[in-house]
Structures are given as C-alpha cells and as structure tokens.
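Working notes for the structure below.
For clarity, chains are labelled A, B, C and D in written order, and residue numbers in each chain start from 1.
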Amino acid sequence: MDELEIDAVAEVQLDDPVLVEGLPGVGHVGKLAVDHLLEELEGESTLVRRLYSREFPPQVTVEDGISELTCAEIHAVSVPEGRDLLVLTGDHQAQTNDGHYLLTTAFLDVAEEFGASEAFALGGVPTGELIDEYAVVGAVGNESLRDDLEEVGVEFREDEPAGGIVGISGLLLGLGERRGFDVACLMGETSGYLVDPKSARAVLEVLEELLAFDLDYETLDERADEMEDVIGKIQEMEQQQQQQQMPTDDDLRYIG
Amino acid sequence: MDELEIDAVAEVQLDDPVLVEGLPGVGHVGKLAVDHLLEELEGESTLVRRLYSREFPPQVTVEDGISELTCAEIHAVSVPEGRDLLVLTGDHQAQTNDGHYLLTTAFLDVAEEFGASEAFALGGVPTGELIDEYAVVGAVGNESLRDDLEEVGVEFREDEPAGGIVGISGLLLGLGERRGFDVACLMGETSGYLVDPKSARAVLEVLEELLAFDLDYETLDERADEMEDVIGKIQEMEQQQQQQQMPTDDDLRYIG
Amino acid sequence: MDELEIDAVAEVQLDDPVLVEGLPGVGHVGKLAVDHLLEELEGESTLVRRLYSREFPPQVTVEDGISELTCAEIHAVSVPEGRDLLVLTGDHQAQTNDGHYLLTTAFLDVAEEFGASEAFALGGVPTGELIDEYAVVGAVGNESLRDDLEEVGVEFREDEPAGGIVGISGLLLGLGERRGFDVACLMGETSGYLVDPKSARAVLEVLEELLAFDLDYETLDERADEMEDVIGKIQEMEQQQQQQQMPTDDDLRYIG
Amino acid sequence: MDELEIDAVAEVQLDDPVLVEGLPGVGHVGKLAVDHLLEELEGESTLVRRLYSREFPPQVTVEDGISELTCAEIHAVSVPEGRDLLVLTGDHQAQTNDGHYLLTTAFLDVAEEFGASEAFALGGVPTGELIDEYAVVGAVGNESLRDDLEEVGVEFREDEPAGGIVGISGLLLGLGERRGFDVACLMGETSGYLVDPKSARAVLEVLEELLAFDLDYETLDERADEMEDVIGKIQEMEQQQQQQQMPTDDDLRYIG
C-alpha cells in the first residue's frame, strides 16, 4: 500500500461546498457533531471518498464479524435550502506528527477537487470543570472571518485555547490558510473529562446559522441525557468520597 | 540493506494455495498454531521465501552459537488430500505502524506470486479469564465468507473483538480485502495472560475442517499440559494470597 | 505540504551578517535573549523568512482568535553602528532526531543565502542550583574562535557542558563547522528550574560587546524581577517544608 | 545534511584487513576493548573515515570548549606481525531501528572498500551477577567459523545470549553474513551493572590470539582496579543494607 490511497467511491456535483471536519478529539465534540450531522442529513448525503493511509493505525474495526480497514471518509451533502457540505469523519487522527501534515494536505486536496475554498474544523476546548452554559470559542485563519462568526455568537478570547490547537483541526487552520482557504475552528466548551453531546449541539447550532441547514436534535439529546446520568453517578460518588477524603479531578479524567 | 529484501529460497508449484499467517500476538495463539502445523506437515513443506526488512527489530537470534537475522518465512505445503498452503511465520511483528502496512503488503505480494487469492490470519482474542471451552471467533473481509465459517463452528459476535484487530493479522484482512483476496481471521479465545496451546488447537481444528488437512496434536497437547501445571501453580499462589489480601489480574498479566 | 517550505517574506541586503539563534531550551535563555533583542531593535529589523516544516509539531498557536501555523522566523537586523544580524526565533525545536538535522541544515542554507558565514547559538547551561553571578560558558566549532570570546569574558571549561549540546544549538555548531561557518555557542549559567531572564541578559551583554550593538534592558529586568518574586515564594515554601521534612530539587524542577 | 555522509579523512593501503567493531553496549565491554586497542596501537593506526548520520543523536560533544559533531570513526591499523585491522568506534548506537540497518550497511560498505571480508563485533553478555572468571561467549554467522574460535577458548552455548544480539553488533552478524563476510561476535561475560574493563581484557586476549597482535594491559588494568574500588564500596553498602532489609539487584543496576 502507498503512503496514501484515495478511493473515489462516487462523484457528485457540488456548488461552492464547505468542508466540515469532525475527527476524534477533546470530549469527542467534533466527531459527535459531524456524526449527528450525517445521521440527520442522511437522505441528502453521499459517501464520495475514502482515504486510506499508512499514517493511520494498522488495524481494522470489526462489526458483526465484518472487518473495515481504518480510513477517513468524506461525504457530500446537498442541502436544499443552504450551502453544500463536504463532511469529513473517521475514527482516528494520524499516528505521527508528520502524518498529521500528510493527511491534512490530502483532505484539503479533496476539498479543492470538489470546489471548496472554505473549511470549518469542529472540536472541543477543555475547561476542566463541568459546564452549564455551553459557549462556542472560535479561531480563524485570518481576521476577515471574525465578524461573521461573532454575529452568530462565537466567542473570541485573548489567550484561548491556551495551548493552541493540535492535530488535524489545527493544521486545517494552518495549512488551509496557507492555501488560501477561509478557515475557522469552532470549539465547544467541554469539561474535557467526558464525551459531551451537549457541547456538540452547541457547535452544530452555530454551524446551522452560518450554513443554513436545519437539524433535529432528538438523538443527540438522548445521548446527552445518558451522559447526564453518568455525571450524576460520578457526582454522587464524589460526594461520598468527599466525606472521606479530598476529591481530585483525576477521578473523572479517564471516563468517557 | 533495502527497506525490504525477499530471498527466493526455493520455487514450488502450488495449486490455488491458501495463505495462513501466524505471527506473535495475544496468547501466542497464531504462532503456536502455525509452528505446530509446520512441524506436523514437515514432510510436505518447503521453505520458499525469507523476507528481511528494516521494519523488523535490528537483531539476530542465536542458536548453538549460529546467528540468524530476524526475518519472516513463508513455507509452501503441498497437502495431498487437501488445499495447498502458504504458511507465514516469524518471531516479530513490524516495529512501527508504517512497517505493518509495508510488511503486510509484501506478504500479500508473495502470496499472489504463488497464485493465492485466499488468506487466513490466525490469532487469539483475549477474554480476561481462564477458559474451559475454547470458542473460535471469526472476522471476515466480506459477508460472503461468513456462512462457510459458521458451518464449521466459528462464532461471529456483534461487537467482538471490541478493539478491532491490530497488527499484521488486522491488515491482512484490511489490505487483503482491498486487493480482492477472500480473507478471514480466526481467533481462539484465550485468557490473554498465558501462552495458550489449547487455544491454538481449537483454531487448528477449525482450519483442518476448512482446508482438509489432518494433524496429530500430541506435541501441542504436551505443551498444553505443561501450561496447565503453570496455571495450577499460579492458582495455588493466588489462593494463598487471597487468604492474605485481594488478588488482582495483574498477578497473571506478565507470565508467559 | 512538503517536508520543508520556506516563505520569502521580504528581501533585505545585508553586509556580512551574523546568524543568531535562540530557540526554546534550558531556562528559555536563548529564546528570551533573542526575543528581547528583536524587541529592542524592532526599528531596524525586518522579518525576511518563515520556515514551515512537517518536523514541527502539528499545531497552530492562537492569539486573539487568529491562528498561526507553527514555524521558525528569521529576522534581518541592520545595526547602524555594528554588525548586521540574522536572528532566528521560534516556539519549537524539531520533534524528531532526524528533524533537528533537517531544520538546522535549512537554517544554515538561509544564512548562507544572506551572505552569513558566522553563527552564534544562544542557550543556557544548567547548574542545578540558584545563581548569583551569571557566568557565560562557551563552546566553539574550532579553536581559532576561542581567544576573541575569552576576551569578552566567556568561560571555557574542561568538561562543560558535560552532556554535550543537544538539539538545534548543538547542530548549528556541528553542521555549521562542517560547512565552514565560524560557529560558537554562548550558554548562560542557569539553575535549569526556572525561566531565567538574568541569564539571558548575561548572554546578550557578551553578544553586545562582540557584535557592537546596544540594548536597553528595562523590560528584561522587569521579567527578572517577576521571576525573583517567584523564587522568593519558592524559597519560603522550601523553608517551611524544611522544618517538616528534607526538601528536594524536584520541588523546583517543573516550575517555569 | 544527507541521511549519511562519509568523510574520507585519509587513504591507507591495507592487506586483507579485519573489521573490529566496539560501540557502546552491555558493560561498555566492546567500546572499552576497542578504545584500548587504539590507544595501545596508536603508532600504527590512522583515522581513515568519519561517518556522520541523521540517525545519530542530534548533538555535539564538547571538550575544552571545542565541539565535535556525533559520528563514528574507522581507524586503519597496520599490525607489523599480524593481520591488518579496521577498527570501528564511536559514542552512539543509531537512534531508531531503521537507523541500525542503515549504519551497519554503511560500516560494511567501508570495510569492503578497504578489502575486508571478515568482521568481529565486540561486546558483553550480561550474567546478572558479579564475575570471577571472565568467559568469552561467541556467536558466528556460519558454522565454519566455530572451530577456530573454540580453539582459542571462546565458548559456544546452546541458548546464549538468550535474547539474541541487538543493535549494530547483531546486524554486523546478520547483514555481514548476508553479504558473504565471515562474521563473529565475541561477548565478554559481565554483570551488566557496571562498566567492565576486565571483561574487555578477556575479549581482547581472545582477539590477540586470533589476529596476532600484542597489547599491554596496564591502563586497562588500572581502570579495572578503579572499578574494583567502586564494587567494594557497593558491596559494603549492600552488607549494611542487608542488616536492615533485603537487598535487590536494582541497587546496582544504574551505576556505571
């Protein structure tokens, strides 16, 4: 196998589409958002490309005994009343620093091939504590994009995210900007300890306004309710521990 | 040395052979199975290829003072009453993610060169506890292969193996399927803590029925008895500890 | 993206310039020194090159919501009364051994392109204890450079730094010397536990004498005062602990 | 810099020379042996090649303020009464698996260029306990070399070294044999805990007989005496601890 192999699964004509990326990351926010988007707009979407790479982990997933080689998928979504979308999803980031550059370049190549010149990277920004009001924090490749995002409620903060943005989301900003894409990263606040469907909803609601599509959130809210139950149990456990000893954030860190 | 060097040790004419892989992995099930297969069918087998690679660890094994550079070996086995086999064995997986892709591609190249279009990857699936009845769990590259395997007792389970299949066995499925091979992985249940000759026998018995060869299991059963003794001693030790403190799985983890 | 991409941001004519490198390292001495140099000589400096590489971590920094892809920058500084400078700064070393060779080679290529044949790598040398008098320790690519440096107070010691010089500073010496550059490394003594603006000042004062430029140290001294406060608090904590238990260096190690 | 750069420092005509390798490893036995060999035969030796590589750590050593880029050196030694030697020394193994293959191939290339078709890799084999009688254990690329080595006291053992031979010594056997070199590895027994000049002497004495050169051991014996003092102190400390608690091998492991 070559370092990168792109399978053209289908060809679809899109009108000025926007690349929307949601790979695994903080709180799985980006992946949850993109998976929900594809689920809700299933009728309008077509799998157009599969990207296989030696930069992905050497493994297959198995469902009902059928194996699938690790890959990233790009779906074309023709939204009747809004902008066309190219939705990027997958189960893995690259496995090396170098690989992140290689894969992000490939994703931008495919986006360009379909006529895209705009990209949104979706993800989470960790706050370290449980959240009531889910703000969406933004980062953009260049100043000109900031006003539009602020209008729909995206917050721009002086030093956030403090450690920058790492991985494919970060490079979509960095490499996208270098190629002349209009790129933005939308990061839902999330504790960083748990899979966070509420944060994913907050990000999607911003995207809905920007790109004029329309989603139902029932299934995502159900997942959020399940997580609420988990959080409730953790808080109970915490309170019990608190009566015995000082609790720490580490108790939560590896859950979800 | 090049990234990959394939030594053609011998040429053998095979009729529609099946690639059978057994490299080190969970419970050494795959390697035990393949080594036993080669031992029992020694009269009918010929070493045909040695594969050296910079992706293997930089080392030699030494036996009676003679060194052997790390490599993988492919043996041709002409089974009189059954299917011809290409048996892949070796002491190491690749040392990098990238290397797994490179080596698996090379193995499939050799298999194709000998006319193979079918492959079985043998391995173990960890259960976390000692086992009485050794089931064999299957995974296939495409649906059409499932019925034949279920007929000989292979089990297909909704979400197993949970973490997918990693390494060369996983990629034989993933890359083999992409090249049009009929590929399956046969995984013997095993605790995951110990070298498991019984699990290897369970896997080989499935393969015997599928490919119509016939093995004697005396030496493998002897190894299984030796392991039983080891397990007996561990259980004794555990019981002694249990009277003093709570035992943990970690007591077993690194044995074997 | 290629393994290395060099953006020519501006062209400037320099007269026999000297490359001055200050990337992150022990006590951040080199980076503090170079950043202060660029701040103070802002009126005379021009950003001439940005170097992007797959050897840098795959990330963007974000300031006020605007992302910047990780890179190294080279600034041309035309010092009226002294030598022209090419100042190399950035937020990261390379991420692999191999990458250090690649990036250092690129930095020397750019320096040569601007006519440089001399280089100073700035850094810190860890002493393991808090420091009163900041000596500057030197290392040179060849003997002929030693006298000039000793004249301005640089100390050459039999076995220091004991572990050699690692990373891009080390390779600027090693690879620079191989290409015929006159290369020296100036290392300010520093505890190794804390960001050390005083050590950076000691290094800059040596460089001032050597290259005949003239800096104001007000802002650097302010940062030094801030660090003094931090050190004061640590020492207080230490004394309190000492009354309870033996203190260790580890208490300080990860601060700053 | 390229992945590999070989500097031809001098040209020397050798008659059927033998490559002798001694890079850092178990007990530093190989490196001690080769450094002593070069010291004692200094009058007859010439540095002929320096090998620089991106596979070496990115660093310089510094002695008296002068930096030296990490490299491996090959010295030609014209022994009047014995076989000519090509002596390979350096401060580092390769930093990656892949790099070991690359560097060993380069070393064999240089050896071939000087007409060598024979190689000895020198090293230590860890026994886990302090040693009185220093046996030298052998491994050879092919059977035909065993008799000559057994005649001068080298021991060949069924399963030793148990884990095979790792690194450049191992690959000199493995890759050397593949290229038609007569290759052997001579491993002095050593505890594995300490730098071991006595083990180095044992290995050199075997080599003296095989290749007919003649060394004085005064300086090596002095280093051995220094180590004896260290061992004496450790044993004292051990005995003191033993009166307090059970001693462990770990007390020794990281010394030297």
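Quick notes on this one:
Convention: a contact is a pair of C-beta atoms (placed from the backbone, for glycine too) under 8 Å apart; a residue touches a chain by one contact, two chains touch by 3 or more.
As the structure is a prediction and not an experimental result, all values here were calculated from the model.
The chains that touch chain A as well as chain D are B, C.
In terms of the distance between Cα centroids, chain B is separated most widely from C.
Where chain A touches chain C, the two copies mostly use different residue numbers: shared numbers make up under half of all numbers in play.
Distance between chain centres (mean CA atoms), chain C to chain D: 37 Å.
Here the CA centre of chain B is 53 Å from the CA centre of chain C.
Residues of chain B in contact with two or more other chains: none. Listed by label, the pairs of touching chains are A-B, A-C, B-D, C-D. Residues of chain D touching chain B in their complex: 94, 97-98, 100-102, 104-105, 138-143, 146, 156-161, 164-168, 170-171, 173-175, 177-178, 183, 185. Listed in rising order, the residues of chain C touching chain A in the complex are 1, 52, 54-70, 95-96.
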